[in-house]
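First subunit A sits with subunit B, and in the next complex the same chain sits with subunit C.
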Partner chain A sequence: MVKMKSRNELSRNISFIAMGFMVLFSIATLRAYFLQVLKSGELTELIQSQYRTSVELMPHRGTVYDRNGAELAASIEVESLYAHPGLIRDTRAAAKLLAPILDLPLHAVYRDLTSSKPFVWVQRKVTPTQAEQIRALKIEGLGFLKESQRFYPQKEIAAQVLGFVGVDSQGLEGIERQYDSIIKGKSRKLFADRDAKGRHVFVEGLQPSDQSRQGNDLLLSLDKNIQYIAEKELQAAVTLSQAKSGTAIVMDPWTGEVLASAVCPLFNPNQRSETDPDAWRNRAITDIYEPGSTFKTFSIASAIEEGTVKPTDMFFCENGAYHIASHVIHDHGSYGWLDVANIIKHSSNIGASKISRQLGKEQLYQYIRRFGFTAETGISLPAEQSGFMPSLKNCSEHTQGAISFGQSITVTPLQMVTAYSSIANGGMLMQPQIVKRIVDSTGAVVKQNTPVMKRRVISEKTAGIMRDMLKQVVAPGGTGTKAAVEGYVVAGKTGTSQKIDQGGYSHSKVMASFAGFVPADAPRLAIIVLVDEPQRMKFGGEIAAPAFSRMANAILNYLHVPPDAAPAQDPGLLKEIRTEPVKLAKLDEA
Partner chain B sequence: MQNFTASDEKFIHTNVLARQHVRRSTDVSRKDFACIICMSAVIMAAFFMFLWVRIYSLEIGYRISDDHSAHEELVQENKKLKVERAALKSSSRLETIAINQLGMTVPKKTQVVSVPW
Partner chain C sequence: MYNKSLTQSVILFVPVILVGLGIMMIYSASSIAAAERFHDGMYFLKKQALFGLCGIGCMLVMMRIPYGFFKRCAYPLWGASIGLLVLVLIPGIGVKVGGAVRWLHLGPLSFQPAELAKLSVVILLAYCLAKKENERLKDFSIGVLPHLLLVMPMCLLIVIQPDFGTCMMIVVLLFVMLFAAGIKKRFVLGLGSIGLVAAALLIAAKSYRMERLMTFLDPWKDSTGAGFQIVQSFLAFGSGGFFGAGIGRGTQKLLYLPEPHTDFILAVIGEEMGFIGVVFVIGLFVTIVACGIKIAMNSYDLFGTYLALGIIVLIGLQTVINMGVVMGLLPTKGIPLPFLSYGGTALLVDMSCMGILLSISEQCHFMGKA
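Here is the complex of A and B:
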């Protein structure tokens, strides 16, 4: 009986233990469910944070090229110096060592190193030499991070067109600003494991879309050599005339592509902090001016196109003084009867004014707008101005006359060269373009800009008549003789406009300009040269026309444009050329 | 001859049978022992295989990491060289060298012959 009792007791105990295990197992199962199912995501993240990490890849800002593929703006990685102030043992000694290397005041470095923040930038984008010197110091608590630095290898070339970027590589001016979203690229993360030494291990490999962080490249219509010529000659004109500033634009009249856009004073975007911010402005599109006599071309072209005036019509130029209501319009010479061609050739304000009266102000306004004035050209650059013209209802007879010879209206240099291009190409107003192509990092074309004709402004016949008249301006006796280029026929117009100063037209401050195209009968270049407030040689024909000539001569040479009339050749040179095939034959034999 | 009570007989019978059952069970375990060993070996092999794959992927990961760094450095070096080349080919620099060091000048119109193609 005793044995039976003990056996039953044993069985009961075993059952109790089994139940205990069951309870414990159930608890364990519930806990496992809680951890593995309910808290799975959270815990997975927690464990992954212990060994998984992400490597942020800096975006690569796209490169800006000229039309021939020369780099105008490119980004490379440089190092930036940071500090963990809490980890630096002797901040005073560290500051004393760093300040001379970084060329910073000692107190500024010391302030950074004693900051209460856990992380501070000591100097962004240090030079490789500085980085090497600082590394050699082996100061605990200092480190380097890689950042992107924008470089402009051509220095001053097209600086105002290109613009520049800020310290965080964001576009601030020019093309850099306008196309920021397209060329900046995107930062992206690569996920990696982290080993005991903190090294990254790409156990899952690299994602195939590694190129996605590379921004698109831009191919501009600018030619760096033409740009250099334009800037050099403009600088020479500004220096010679002791002018305040200058602007020059070179355009392909058939496509509207801007080949050069020069602004003086120049500045180096690599050292922009050392230059006057006034020099950063792209005056070719942001500055408006009263065009003066260069505008007569359009009022006269409008009248000829409308048939209100024939080229042979004669106008009496009032011997230099023409009264309209209470105002008097003057010419710079005392002219009697002039035909239309001579009105342009001698730049008669009175003649232009009378021609516009025959045209009528409604038609004049319409044609001014059709030539693209008083509206933005739509070139893809920031801060473009549209210019100004009084409203039609406020346009008095005197105002109409003034507009016809380029007063009481403001334009931008780009509008003016675009309008001259329309005369050059037979009457088509082209859309000015600065970007030819956008390509991605693999070289695939993202966007191709093709020439766009906005509208036909005048007929080919009228354009031809105007071309012939503008040739006379550069011919002997005209106001623009100094714009002539040896071997080529030039068509163009001088302009000298008084600037508004203290509520009236200034007698000392003028804008001297020359706008035209060359070769006149088969135009390759439309050029405008504008000199702002020259102190010497104040007329467009004296300072802007010679600059036009030198510019056109050098560019036509560079583009290998054959001259209209072949100049007399150096006989020695011809002889040398004739013997060249013989030399080549001898080389082949050798 | 010892006389057993019914309960004793039942007890002996139960124990003898139980021992026989145990012996029979032990015999079965011995037969399956080899099978268990084999299974264990397979599991161990799979484990080592997994371990080897893990170590190998780690090694590949390190190689990718090194190659990635090298690639980045080469790309940057390439960019630096391109920028340097562009700076060296700048028009103003070339003109200065041509005029000042090589004594070159811009040819006059009479010195240029246009050859029609």
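Here is the complex of A and C:
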């Protein structure tokens, strides 16, 4: 009986254990249900994310053209070498074969080929010869993807305006940077999945990027040939005077379109790594300078516009030394009584400061701002400077005098040429523009920029008076006679400003400049030429004026502008202005 | 109700089905890795098929040996196991794989003494418990202490390898067997708490065990590091869904799921055969356990009862622990899934166990039928 009893107890315990097992197996089943039915979707999503790897491919970057459709910046297709490290059978041998072709250290290639990643770039943008040699090796696990490489077919031309791109085709400077989002297009992600053998394969294959993802093209206002002329003549002036650098801008005074924007020294963006980063800057907008005598045009125009001074008024020029409080203002020559035209013609600082005194500093400041100084022009280029002048309440009588002849105020070359354009076109301050059109890859116009008048600064009458005075500068006896162009009347002004050096004005470092327009009575071009720190021929009239002359001569010829005898205003240009919508919103801006 | 022929058919055929399924899934899980490592995609398939045949041979031999024979084997087998476990620890004889010495190499074959040790513990406990009257088992010095003294050295040798999982499994096996034998409740509780304290100490002693435990508690916290394995297992189960991706179409086994053909074979089944496949496998194990329990309850003598129970607890525990691990219910342990996971020693031992069960069932009395 004892045995029976123990047997029963044993049976009971075994049943208990059996039940325990059934409970455990039920839990396992429920767990499987939870993972495989309830959470299946969530986990499947997770799994896909880990199977997928992606490679970002840059699309074809848009082309930048000049106004006539010449390519300034283009993208060419080049091949980049990639590897699926897991697929390479003999990594060591492959690395030994590749390294000399790619001219890379063996260990670097070996490291790439042994990467645990499913996809690695071995070398971006290889040459066609390298690609051919590597293809001939027939190494499994290597492949090429087409990428686009930026190329500047005109080499140095307009390099500082265009800027350049980085290795991933991202715009780093200039137009390339400012318009990066517009011309770069949509990048394309290539997804790679694992095939049945665990290898990565590209899902959609590796076709070259489709059209819809391509970047937009830009049509600039620049003219390749005008740009070339400007650069050539500027370079010649800089070389001749042994200057540090130079800047020149050619603008259509009626539209504000920049036709050329040259900076010396030049650099070739195709070989950017071999050039001095100092040369990459677009000095036309990034560098400010004291304009010197070229600025007198605006202080005097303001006084005439306000009526505080009549062109026939005479001013005593103190025989070359004018005491204001504790300061002395000097002229280059010793002048007695001069009328306004002769003050400009002989570039009398004393005369200019006396004229501005009659205008009053509040009015002077207002006009300076209306001419567009001390504010960014809003041209669509990166890193534009605004320049500055002392605040009104800190402006002493002497400071006011200094401003009137272009000291104590800083401007950019672009502001200056835009302001001269307003004299040339009869008093309208135009919005400077560099991009005329944005066109998509199918050729449809995305955006068309039309000339925009920011405001009228002075009346046509005042502008006409100024134009006549500026003609005198270039006429015999003036400071800018060397700016004259045979067959055309030139209006302009020289400037020679001492640069600030170690706290004071330097006697040896100057900025020599000439700003003007031509033909004076039917202007087609407004041009500024700046020569920074010339070692010889240190006056604007000596170095910048001749450069202006040669530039203007070549450009007028190129544009087939008839020699003077042309009507007072070119009807073609006027028509363009009037038929295209002009934004008036900014007219009342102070 | 006990239906002898049905029970015997289940114990005979279900393991063979499982082994067949295992071979198929091992091939699916390992062919790529095998092709890379051994330049033979069928490497693991061939070996496991060979083991499977040997296993069936073992089963057929065992079922013809009257199980009473194992009474005589109890102590020698125990001794042999201890000896082999000592041998495996001697440097130069034991083979180190993944930081643990678990294998002995015999020519081209390798052998895992711990697998044999499990079976020897079952046989020894069955023999010792069956010898004693129920009333005497209530006495601590007779019912508990001798068994502890016999099993503990074995556990110690296994934990030194280190194979914490197998050690814990043997402890649980001992505990379940003593519970079945009817030792006093307070001994059960006392032993249970001592076991827990010992386990806690062992976990705290090794930082990687602690890490495993923390990982188990929240695998997603470090899903690319410590939690990687279990998270990948989750993903395999999840992506399989209800019907599975289809045999051979799983992707987790390719690179992400570590050792998919051994411990994580159920994850591969889960991915390729879906929830249906997993339920099918669980169902097969349930029938084996249920039939084993029937055999235990109907066996001719106490030794047969304990032996059958021990075997079924051994197989059942390994199954439940493995499933718990791959589905993230238990911390990661190196316990294979009986019949399915790749591994020769385990398969031979498991199939031998089935043979012994059949031998026991041969002498069952026919309750209900009579």
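Following the convention adopted for this analysis, the second predicted complex is superposed on the first by the 428 of 590 C-alpha atoms of A that agree within 3 Å, B and C clash if a C-alpha of one lies under 4 Å from a C-alpha of the other, contacts with A are read in each partner's own complex, and residues count from 1 in each chain.
Assume contacts are C-beta pairs under 8 Å (C-beta built on N, C-alpha and C of every residue); 3 or more make two chains touch, one makes a residue touch a chain.
All figures in this text were calculated on a predicted structure; none of them were measured in a lab.
Asks: Which partner does A:Glu77 reach: the first (subunit B), the second (subunit C), both, or neither?
Replies: A:Glu77 contacts subunit B only, not subunit C.
Asks: Which partner does A:Lys155 contact after superposing on A: first (subunit B), second (subunit C), both, neither?
Replies: first
Asks: With both complexes superposed on chain A, which partner does A:Val446 reach: first (subunit B), second (subunit C), both or neither?
Replies: Once the two structures are laid over each other on A, A:Val446 reaches no partner at all.
Asks: With both complexes overlaid on chain A, does A:Leu106 touch subunit B (first), subunit C (second), both or neither?
Replies: Touch status of A:Leu106: no partner.
Asks: Examine A:Ala93 and indicate which partner it touches, taking first as subunit B and second as subunit C; both and neither are also allowed.
Replies: After superposition on chain A, A:Ala93 lies in contact with neither partner.
Asks: Between subunit B and subunit C, whom does A:Thr29 touch in the aligned arrangement: first, second, both, or neither?
Replies: Touch status of A:Thr29: second partner only.
Asks: Once the structures are superposed on A, label A:Asn225 by its partner contacts, choosing first (subunit B), second (subunit C), both or neither.
Replies: first
Asks: For A:Val167 in the superposed arrangement: first (subunit B), second (subunit C), both or neither?
Replies: After superposition on chain A, A:Val167 lies in contact with neither partner.
Asks: State whether A:Pro562 touches subunit B only (first), subunit C only (second), both chains, or neither.
Replies: first
Asks: If we count contacts the way the header does, which residues on subunit A are in touch with subunit B in the complex?
Replies: Those residues of subunit A that touch subunit B are 70-71, 74-77, 151, 153-157, 192-193, 199-203, 205-206, 224-225, 228, 232, 486-487, 554, 557, 560, 562-563, 566-570, 573-574, 577.
Asks: Which residues of subunit A touch subunit C once you look at their complex with the stated criterion?
Replies: Spelled out, the residues of subunit A in touch with subunit C are 2-3, 5-7, 9-11, 13-18, 21-22, 24-25, 27-29, 31-33, 35-37, 39-40, 42-44, 46-47, 50-51, 194, 196-198.
Asks: Name, in rising order, each residue of subunit C that touches subunit A in their complex.
Replies: Within the complex, subunit C touches subunit A at residues 32, 133-135, 176, 179-182, 234-235, 237-242, 249, 251-252, 254-256, 270, 274-275, 278-279, 282, 285-286, 289-290, 293, 296-297, 302, 305, 309, 313, 316, 320, 323-324, 327-329.
Asks: Please name which positions on subunit B make contact with subunit A in the complex.
Replies: 57-58, 60-62, 64-65, 68, 76, 79-80, 82-84, 86-87, 89-92, 95, 106-107, 109-116
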